[in-house]
Each structure stands twice: as C-alpha cells, then as structure tokens.
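Below are the structure tokens for one structure; questions will follow.
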Amino acid sequence: MHQWDFASVLDNTDALAVGALGTLRIFAICLVAGLSFGLVVGLGRYSQRRVFYWPATAFVEFFRNTPVLVQIIWFYFALPILMPFSISPLAAASLGISLNSAAFSAEIYRGGIQSIDRGQWDGARALGMSFLQAMRRIILPQALKRMTPALTNRAIEIFKMSTLASAVAYVELLQQAKLIASLNFNPIEAYTAVAVIFFVFLWPLVQLTYVLERRLARDE
Amino acid sequence: MTILKVSGLSKSFGGNDVIRGIDLDVAKGERIAVLGASGSGKSTLLRCLNFMEMPDAGTITLDGKVVGRREAELTLVRQRIGMVFQQFNLFPHMTALGNVMEGLRTVRRMNKADAQARAERELARVGLADKAAHYPAHLSGGQKQRVAIARALAMDPELLLFDEPTSALDPELVGEVLGVIRSLAEEGRTMLLVTHELGFAYHVATRVIFLADGTIHEQGTPDEVLKHPKKERTQAFLARHKEFSL
Amino acid sequence: MAYQWDFTPVFANADLLAQGLVNTLKVTGASLACGLVLGLGFALMRLSRQRLVSWPAGFVIEVFRTTPPLVQLFWFFFALPLIAGIEMTPLLAAVVTFSIQSAAFFAEVFRAGIVSVERGQWDGARAIGMTHGQALRRIVLPQAVKRMIPAFMERAIELMKTTTLVATIAYTDLLFAANEIAQKTFRPLETFTVAALIYFVVITAFSLLARQLERHLAVSGESTVH
C-alpha cells in the first residue's frame, strides 16, 4: 500500500507558485491574442470578398486540422531556422496556442454573427450606419451574448492547452510538477497535486459555462 | 367473468393527486369508454393499468392474480394488456412490418418467418397489407395509428387500452381508425377507450365511465350516462361537447 | 543568405514516419473503441436514479473534463504504476488516459442523445412488454446513435489531435518519430513541416468524411445533438 506523502509537495509550494504564475501568464496571453485575432479571422470568414474569405478559410482549416502540440513544436524547433532570432519557449507555445484558439474562435464568431436576424442589418443601414458601425454597435453586441458560452468553453480549452508549453520546457504548473517529482521521487503526490490545482482553477469556469448555457437557452 | 380487477388505485404527481382510490372491474368482452375533462385523470388511469405509471396505492388483479412490481412480472402483464397511444409512438427506424414484428421477435422470441407471417396478418386486418415496407415517416396519421393497433394486436392481448387514439389525427383521418376499433369491438374484444368521440362511445361501448377529480363520478350504460346523466358535472361536461350527436 | 530547403533526409526516413502514423492511428482507434463502450456505461450510470450509481460516474466525468489531458497522461504514466504496483508502458498509459477522457465526453453525448429520444418511444416499447434493457437496445439507442454521429466524429478528430501528447512520454507516434528524425538529420524545419502536413492531410480527410456523413444525415431529415 502506498504511503501518501504530500509534505514533500507542500515543501515546494514556492516552485508550484512560480508554475502557477507561468500558467496564468501564458493563459492570459493566449486568451487575449487568440480570441481577438479570432475575431479578425471570423470577420474574414464572414466576408463575401474573396481576398478576405479565402485566406481566413485557409487559416482556419490549417490550424483546426493540425494538433496544437505539433504547432508548438514547429514554432520552437522549425521556425527559428527561418528567422534571424531565436524563439523562447513562451513565444513558441503562445504562438501555437493563440493561433489554434484563433482558428476555433473564428468559427464561433462567424456562427454568432450569422445567427443575427437580417432585419437587424436592415435596421442599422436604414439609420445610415456604415457596415463597420452596424457591426460594432448593433450586430456584435447581440452576437456576443449568444457566443458567450462557446467562448467560455474556448477559454477553458486554452487553460488546459497551456500544459503543452511544458513540452518546450516553459515553466508552468506541469513543468514544475515534473521538476518536483524528479527531485523528490514523489510523482504520485506531485502529479496529483497539479491535477487538483487545475481542477480548482477550472471547475468554477466549467460551472460558469453551464450557467451561461442554461441562461442562454432560457432567454432565446 | 372478471379479467381485470382494480381496487383502491391512487396516483399522484408531485403532490398533485391525479387518481384517488379508483375501484373498477372489467369483465371479458366489455368495452368501457372513459370520459372526463382534461386533467380528470383518464390517461393516468389507463397508464396505471399496465403499469406504464407505477400506482402509489391499490392493487390490480389480472385473472385472479395480484400483479407485483418486479420488471419480469410487469413485462408479462404488458404483453397481455395492449396499449395504443394518442401519439402512436411507432418506432421511426423500423418499417410498418418491423414495428409489428418487434414485440414478437424481441419479447416473444418468435422465429423470423413466423413473426413475419403473423405481422403481415395483423397489418392486413387493419387494411395496411400494402404499406408493410413503408417507414412511419411516409405514412399518414391514420395509417400510423392503424399500424400501432396492429402492433398491439400482434401480442394477442386479452385487454386493449386506447388512450385518445384519434385526438392527434386530422378530422378526415379519424374515421379509418374508428372503423378498425369498431371491427375489433365486433370481434368481442375487451377494451378500455379514453376518447372525446362521444358518438362513437355511445355506439360501441357497453359501459361508460365519467371521471372527475380522479374518481369515478358516474358510470352506467351509454344510454344512462350519455343520454340521461344524473350528476350535474356529467351534464355540464356533455353540454360543453356540442358536436355530440347520437 | 536564404535557407536551403532539403527534404531528402526526411524522405529517407519515410518508414519511420509511416510507423509513427500507424502508431498514432493505433492509439486513436483503441482509445476510441474503449471510450465508446466506457462512455455508454458512464451515460447509463449518469441516467440512473440511484445516486450511488450516478454520482461516481458524474464525478469521473467532471474530473476528466476539468483537468488537462497532459496532466492526466502524466498521472497515469508516472503515478498510477507506483500506486497499483503494475508495469505501465507508454502505449497502455496513453490508451487508458484517452479512453477514460473520451468516455467522459462521449458520456455526455450519449446522455444527450438518449434524452433527446421522445418519451413516447419508451412508452411504445414498454407497452409491448419490453424490459428496460430491451427498450434501450432495440428502440432508443438505434435512434439516439444516429443523432450522435456528428458529435462522435468531431470528438474522434479531437482525439486524434490529442494523441500527439504521447510523444511526451516517448511513445513513437508520428510526432515522436518526427522529433527523432529531426535530431538525427539536423533538419527540424523540413521534418516538422512534413509531419504537420501529414497530420493536416489525415485530419482533413476525416473531417471531410464527417461533413459528408452529416450532410447525408441532414438530407434524411434527422436532427442531431451536440
């Protein structure tokens, strides 16, 4: 029978705290970069002009249909060869996760915008609004409400994906768990501890999506 | 000869008493029409008889044997008490023939050839021999309900329960379903029929039961209940059904 | 000075890449099969009125949906063998992790699919004397599964992408094979580009197939669940 020894993990609270900060940092970067670039790509996918539509579509198809870990590895090991500068683990992981999230969120934005009744466009145009004004003032605010549950889900996925940064040795929670496990020979406690930490971070977010989904279903 | 005996049957949903202590004997060959306003407990009464709903209290005796609550016992009882629903509840992923064969194959474990022959006979009886290969999506409402009747008949039930079998049908399709039920009546089948077709009840039923507030408010022959109701609520109910022509 | 692309070292190792791809498909297929069976079990447990049955399933589903797959994989590979005192190969750890993880997602799909079948279908099945199990198997599941196919396909594609995580515990999947070739040939740019393209082609092929199937189902008038 295994003797649980969480004391050896608690001794390394500072290392875990550094890891948690690393996780939160890459999460914040990818959340902002991914969801905002996703909006640009989503508008491209919505556009009827080929110059916008085709590049956006190619981007979405490529990044949705390749594994995000392969993207991170590519940015870390392959891209620097083409670049005059080296790429840090954080930069490579953020690029991979952000672009991947942009591709997925683009489809959420596009679906949300498409779901708005054509009459809303007519109403905005009849007031003399330009396309961008109508989009910003009338369409997006309504569409965003419908997209909130799906976007929150994306945020959860980004949080989970942040662990992949450990594959290029970026210091985040899982990477620190590896370190603690190898120094203290306590992989059970170390990995259980990070699993619990992730659960504690993510559980409220997951519950939030359930609430948002129910509220949306009720309102519509 | 009594084949089904109900005593002290009660059922409530979330504190709302829908059936309050109903006693009822059904004799072989009887055709009982169950009437009542919506919410009077008609459907619930019917659904308790074959345990589609579990009664909260009371007993149901079939052929002198009290029915227990074990699943094996209930599935046997349901084979002996056929049921036809308002919404047909045909299986959309099976053809008309497949629907009728399903009980024979899965429940009775009958071999395929026998089950098919039996199912074809039942479909012919309801006038749908030519629709055997059709899926429910390609049948009219009246045809669907006739397939559902054939499906129930295939199990050789001793008692048939009809739960508003024509309420979901377009008016012009009601006749074909009532025609099938009438022919079953002429064969001497025992049945309980929840319906709003008062004229049909008058001509086909041997007894009429009027339910109100989950109890049997008034019962008797069709003449007694439908033409000369004694209770005020029965009279009020009949007065509201202006289309009632005897 | 522009970079001189040279793919010949990559193609010289094509057999290793092929082996990697086969292993990727192997992990995906095995996890998918186990995940489906397990997912149906979880879904049925979740739908049970017995709390002692439904809660454990709910707990496993929540845990596996709310923790990162890579953490799960590390836990099964590094921690579980010590607790259970068993030998754990990378392949076994991967299949166990991804099976339970997909089961947690499939369980919700199954549950949504089963719940989406109208109550009348249960009534119709029970009225001709079917047991709960017979009604589920013969009447409800066949209708539910048809509606769930798009969600299954979507999940299967996600699973194939997730299997790249096995490279981190040194199982020779396509990504790990690419990494080996990159180190051997000093051609990471070409190798990882080729690997990414292989993933892209295989996954795109699967999603086109999925879309085709979805369109086919839409034509036959079936609604679907997600």
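For reference, chains read A, B and C in written order, and residue numbers begin at 1 within each chain.
By our rule, a contact is a pair of C-beta atoms (placed from the backbone, for glycine too) under 8 Å apart; a residue touches a chain by one contact, two chains touch by 3 or more.
Please read these numbers as outputs of a predicted model, since none were measured by experiment.
Asks: Chains in contact with chain B and with chain C: which ones?
Replies: Of all the chains present, none is in contact with both chain B and chain C.
Asks: Could you tell me which two chains share the largest number of C-beta contact pairs?
Replies: Per chain pair, the contact count peaks at A-C.
Asks: What is the identifier of the chain with the smallest separation between its Cα mean and the overall Cα mean?
Replies: Of the chains present, the most centrally placed is C.
Asks: Taking the mean of the C-alpha atoms as each chain's centre, how many Å separate chain B from chain C?
Replies: 46
Asks: So how far apart, in whole Å, are chain A and chain B when each is placed at the average of its C-alpha atoms?
Replies: Roughly 56 Å separates the two chain centres.
Asks: For chain A versus chain C, what separation do you get between their C-alpha means, in angstrom?
Replies: Taking the average C-alpha coordinate of chain A and of chain C, the gap between them is 20 Å.
Asks: Across the complex, what residues on chain C touch chain B?
Replies: It comes out as residues 118, 120-121, 123-132, 134, 138-139, 142-143, 146, 221.
Asks: Over in the complex, which chain B residues touch chain C? Could you list them?
Replies: My answer: residues 50, 52, 71-72, 75-76, 78-79, 82-83, 85, 87-93, 102-103, 106-107, 137, 148, 151-152, 155.
Asks: So in the complex, the part of chain C that touches chain A is made up of which residues?
Replies: 3, 62-63, 65-72, 74-75, 78-79, 82-83, 160-165, 167-168, 175, 179, 182, 188-189, 191-193, 195-196, 199-200, 203-204, 207
Asks: Write out the stretch or stretches of chain A touching chain C in their complex.
Replies: Contact set of chain A toward chain C: 2, 61-62, 64-71, 73-74, 77-79, 81-82, 156, 159-164, 166-167, 174, 177-178, 181, 187-188, 191-192, 194-195, 198-199, 202-203, 206.
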